[in-house]
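First chain A sits with chain B, and in the next complex the same chain sits with chain C.
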Partner chain A sequence: MTLTTRKFDALIVGAGGAGLRAALQLSNAEARVAVVSKVFPTRSHTVAAQGGVNAALANVLPDSWHWHMFDTVKGSDYLGDQDAIEYMCRAAPKVVYELEHFGVPFSRLEEGNIYQRAFGGQSQHFGKEQAARTCAAADRTGHAILHSLYQQNLRAQTHFFDEYFAIDLIKDETGHVLGVVAFDILSGEPIVIEAKTTLIATGGAGQIFRTNTNALSNTGDGMAMALRAGVPLEDMEFVQFHPTGIAGRGMLITEGARGEGGFLINDQGERFMERYAPNAKDLASRDVVSRAIAIEVREGRGCGRNKDHTLLDLRHLGADTIMKKLPGIREVSMTFLGVDPIEAPIPVFPTCHYSMGGIPTNRDGQVVVPVKDTPEDPVPGLYAAGEAACVSVHGANRLGGNSLLDILVFGRAAANHILDFLKDNRQHRPLHQESVDQALARLARWDRKGEGEAVEPLRRELRKVMEDHCGVFRTAEVMQEGVTRLHELRERIDNAVIRDHSRTFNTARVEAMELENLMDCAMATIVSALGREESRGAHSRMDFTDRDDERWLRHSLYSLQDDAMDYKPVRTQPVTVESFPPKERVY
Partner chain B sequence: MEFSIYRFNPETDSAPYMQDFTLGDDLVEPGMMLLDALLLLKEQDDSLSFRRSCQHGVCGSDGMNINGTNGLACILPLKDLKTPIVLRPFPGMPVIRDLIVDMDNFYHQYREAEPWLVNDSPEPEVERLQSPEDRDKLDGLYECILCGCCSAACPSYWWNPDRFLGPAALLQAARFIQDTRDEATEERLERLDDAYRLYRCHGIMNCTQVCPKGLNPSKAIGDIRKAMLKRSI
Partner chain C sequence: MSLPDTQTRWRCRRGMLENDLLLRAFLEYGYDELDQEGRDAFDRLLGYPDNLLLDLVLGRQQTVDAGIARLVPLIRAAAAARTWE
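Up next is the complex of A and B:
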């Protein structure tokens, strides 16, 4: 059998915001670009982003990119790389104006400018008054952006491989990445896609936790591909728990609901955030609000029959604001809870939302790995952007509205660097057959018949282990037990089987391969979390309650080989301005 | 809880058939959606095939025909459905396998509507202005998730899928015709002025009735017709 092979200048894996923004930049520059996505592009998870994208446009209140930078550094609990943060905050207005020109239907202010709302962790004048920095299309900003980007890609005639599942990167002995081996989900046929550059834009791994706001497709495929190609993952212990997931279900209620004036209450009807963050209150950073909710519930002030959640009250905003500015979350609340937020508060509890960590990159989107004395040596031909990557602009805690910004800025930046790379690298390198064969073997492994555990119960167990052993509050003992259980699960997954061996649209096989990816991401998360003996941002250790800048102002690097941990320094030096040194973080 | 589900695997089945499934009462929880049930049934038989992703009605993956009406499995509460719950793939679209249909033609018609903003005037360094009133005209149009429920419920689309654009694509056309930033209204109307592309809509309104996002393609098509009329006089 001959294997189908296609060749492109640039390959992008993933068709969310990062992938499509990069693809558009490349197509407009007339590079031959292909996008591989396991779902039809507009079904990528960017579509679910609600609140908006941060940019210091100053349409509503005075603002500056420098204040935005300060907020992001502080929000990251000083673990973010300040060169990348400066670059992102400076670029923000430009990428938002570009989006508007692409046709994104932003909500508008009276004078016709883009509507901006308040979000958590935002300030004017380096930590003073609340800012209004989040550009929004009602509460459907992700949908508006993703569809517009896809539409512009159609116009630019980008080549799409829709419903193709990427198995693994192709890498030769010299370390160059040459593309991917994928398979067409429709026919089940494998395909080799050779490319001079490969950009991983596959999003996060929120499905490693039982309760999450993420799509079922968010299984960390690209992160796991990188691990298997020998690239360590950075800062995987930092998992954002969004304060306001629908209690017990996980669907997201945007921070914009609090940005519009909504607030949290406990069973006493008390606005408890006033105690935890006297100034910012309900608009403190997400890690702060999530911990506050978890503490309220733990100390017995939770609401409902089981006292297991708090309430988000929007009633005082009035029907007009809710219907105009928050129509999507009203719909979600009514569908999943039968609660109309115009009439009753919404039950909420922290829910796994976002991976701050990921594939280490520099601010050009190049994947970087430690080589001897160099902590950040680019892997030739390999790029990553968006939630799959760790550039790192979010550090230990991401600010709301910065993820849509991240995907746009670094999707675009990666594409620009790829264009430069293509100028100097005009030829495809010879294909590395051994690497292709390895990927094909991973695909063929699921053809195995006979007895074995099924995939779904294993997936359920994995997610439960992560929730029980690596949640909002962490201790060495509990995590150690989690690591042991994951090791055991890893072996059981190696012996699992699927019963469906058809070629045509075999979703069982897709889910099995996703489970392997989840496994690698889960292990990376818990091993990194166990290693970091301090509390910083979203990583809260009950046995190490303080931040420890002396020992831990550094990035974690987890490698698949022996589950080994390594560390590298934080890039504290911005590009042009002065560094923001670590300070105590109060809101 | 009983289900009757359309099964077809082109590799092994010469013809499609309906298969009964039972979901034990112990597995049925309050507040469960149809998709939750389908995921559990897939544990009984991992060959049961359907698309799904976001689980809350924004990605548009899990459109199917549920008790005779097109809808999204992830936002339909189980308790609202009459049993046995009968699940079929979208009518009028070629079946790939079980509940998975081939949507190529649907996407083709979407592209035919040229669903992208056209504005060749010099780009300002900041945003183009648009009044809130003008922006309001896009409400009810831009929120489409391309699930296909509407076009797959439209008898005119069933009959002429190659020539009639169908409600989803026409909704997109309307979205750009209504957008005050778009400069190609004339060309858009010209391209639609055709006995099939637009005018095969006979106002049956199935599209509006089934839209899981509460959108109204029927009205959007009516508005395009009005713009056509205005243009001709």
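Up next is the complex of A and C:
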């Protein structure tokens, strides 16, 4: 079989905000750029980001990048790398003005400046008055950014491989990354895309949990590709959850519902938050409410046929209040559950929203791995940015408005470093056929016929195991059982088969390969969570309830080989300013 | 009853979970019943940006495309009827 081969200076896997921002920077510099995306680019998950992008423009209230940096370090529970955080906060105003020039219609103040709204965790003067730092295009900032970047890339003549699925990285024996092997979902034909540099920008892996807010496409494909290429994943135990997702569906019911007086009840009709937080009750912090719901379910007081959720009751607020103040929540509940909250309570469960961990990079977007005594040695030719990467600016928890900022700043930074790399590396390195053959074998594995389990039930089981054993209720015992069950599932996935062996638009094959990627990301998450014996940021252990800076102020690194854990120091030294030492977090 | 063609199915993979769930439900409960005109309208709907698609299905915006307008209540009914995992 003759294999189609294409060659580019830079290859970007993933067409969300990080990938498109990088592609634009490269195309504008006249590099030959290709973007591979399994869905049409404007259907990337960036489109769902509603909140906005943080930048210390000081348009509404006084602000400074240094205060933004302080808030981000504090929000990260001191696990964020302070050099990367300084870089990001300093670059923020520039990337926002660039977006404005690309055509993003930011909401405006009367005098014409970009409007900025206040979000939680934003402060002036290093933790004092509330700041207003988030620039937004109404409630669809991600949509505006994604569409503007896509249009700009079309103008700049970026080459798009739409609806192509990247199977694996191509890597030679010296460790250089040479591109990817992908296949065209339409024709089923594999293709070798050789590139002097490859950037992974495939987004997060929220689909490893049954209840999550992510699009179905967020299956951690790039993270898993990196793992298989021998790159460890960093800080995968840190996963952001919201307490009240619609049970079984995942989308958020905002805190506003409880703010208006809604309360949570268990199967006895008991307002159980009174036991967990006698003062704040249903308005306790997110992690407290999330854990309380999980405990109620674990202890058998869950609701519904499977007793796997609690209920959010709004009925006592009355029809008028619900229709006037919570119309969006009523609409979502009626559409996705057929439940009108005026008449019946809404089933809720904590929902996974964002992965703080990912492929380890430095602030130039280079993927870095430990080599002997060096904790961060760049992998030549390989870059990562956005939710797929861990740079690490979010550390143990992410502030609202910092994820869009992350994808823009580090998509751009990676592209700038790629341009430098290309100046010194003008020729393609020889293709490494063995690596290509390995990727093709992964694809061919799903051509196997005969008996075996189907993909969809395995995917359901994997997501349930992660929800039950690595969600918001984490103890060594619970997670160890989860690891055992994932090991069993891994073997069963190895023996799974698909029934459809057609070539054209065989989405069953795509979903099977996504399942393999989910499996690797799930294992990385639970093994990392089991390893970290402390509570920090979004990682909360019932058996290790305190933060332990002496033992755990360090990044975790999970490797696929033997499911091994390693650790590396946090970069506590910023670029130009003094370090913010760890303190107790009080808001 | 034929299954929806796989290309349409893949185009139902969206950037937002809400749209993923709405369209997946419709593929299971409703799409097969559509005549050719209805399927053509569904293809046009899939060409819409995610935010607009969601606004249409949730009734926050109206469309002058009568074919798509006819689909909206069917998609909503499918989402409410679906048995979820």
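In the analysis below, the second predicted complex is superposed on the first by the 482 of 587 C-alpha atoms of A that agree within 3 Å, B and C clash if a C-alpha of one lies under 4 Å from a C-alpha of the other, contacts with A are read in each partner's own complex, and residues count from 1 in each chain.
FYI, a contact is a pair of C-beta atoms (placed from the backbone, for glycine too) under 8 Å apart; a residue touches a chain by one contact, two chains touch by 3 or more.
What you see is a predicted model, and the numbers here were worked out from it, not measured in a lab.
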- Specify the outcome, clash or fit, for chain B and chain C once both structures are aligned onto chain A. clash
- Query: Just chain B (first), just chain C (second), both, or neither: which does A:G103 touch?
  - Reply: first
- Task: Report for A:S148: first if it touches chain B alone, second if chain C alone, otherwise both or neither.
- Result: first
- Query: Is it chain B or chain C that touches the larger share of residues in chain A?
  - Reply: B
- Task: Could you say whether A:K74 touches chain B, chain C, both of them, or neither, answering first, second, both or neither?
- Result: neither
- Query: Where does A:L186 make contact in the superposed view: on chain B (first), on chain C (second), on both, or on neither?
  - Reply: both
- Query: Once the shared chain is lined up, is A:R249 touching chain B (first), chain C (second), both, or neither of them?
  - Reply: both
- Message: Looking at A:T42, would you say it contacts chain B, chain C, both, or neither? Reply first, second, both or neither.
- Response: both
- Query: Regarding the shared-chain residue A:S217, is it in contact with chain B (first), chain C (second), both, or neither?
  - Reply: both
- Once the shared chain is lined up, is A:A454 touching chain B (first), chain C (second), both, or neither of them? first
- chain B region in steric overlap with chain C, selected from 189-197, 207-215 or 225-233: 207-215
- Dual-contact residues of chain A, meaning touching chain B and chain C, are 39-40, 42-45, 47-48, 140, 143, 147, 186, 215-217, 249, 251, 331-332, 335-337, 504-507
- Item | Residue numbers on chain A that touch chain B, as the complex places them | 39-40, 42-45, 47-48, 57, 96-97, 100-103, 105-114, 137, 140, 143-144, 147-148, 151-152, 154-155, 186, 215-217, 249, 251, 328, 331-332, 335-337, 454-457, 498-500, 502-508
- Query: chain C touches which residues of chain A in the complex?
  - Reply: 38-40, 42-48, 140, 143, 146-147, 163, 185-186, 210, 212-217, 248-251, 331-332, 334-338, 460, 504-507, 510
- chain A partner, complex, touching residues on chain B are 9-12, 31, 33, 39, 42-43, 45-47, 49-61, 75, 77, 96-97, 100, 103, 107, 111, 114-117, 119, 123, 125-132, 134-135, 138, 142-143, 145-146, 176, 179, 181-182
- Query: For the complex, which residues does chain C have touching chain A?
  - Reply: 5-7, 9-11, 13-18, 20-22, 24, 49-51, 57-58, 76, 79-81, 84-85
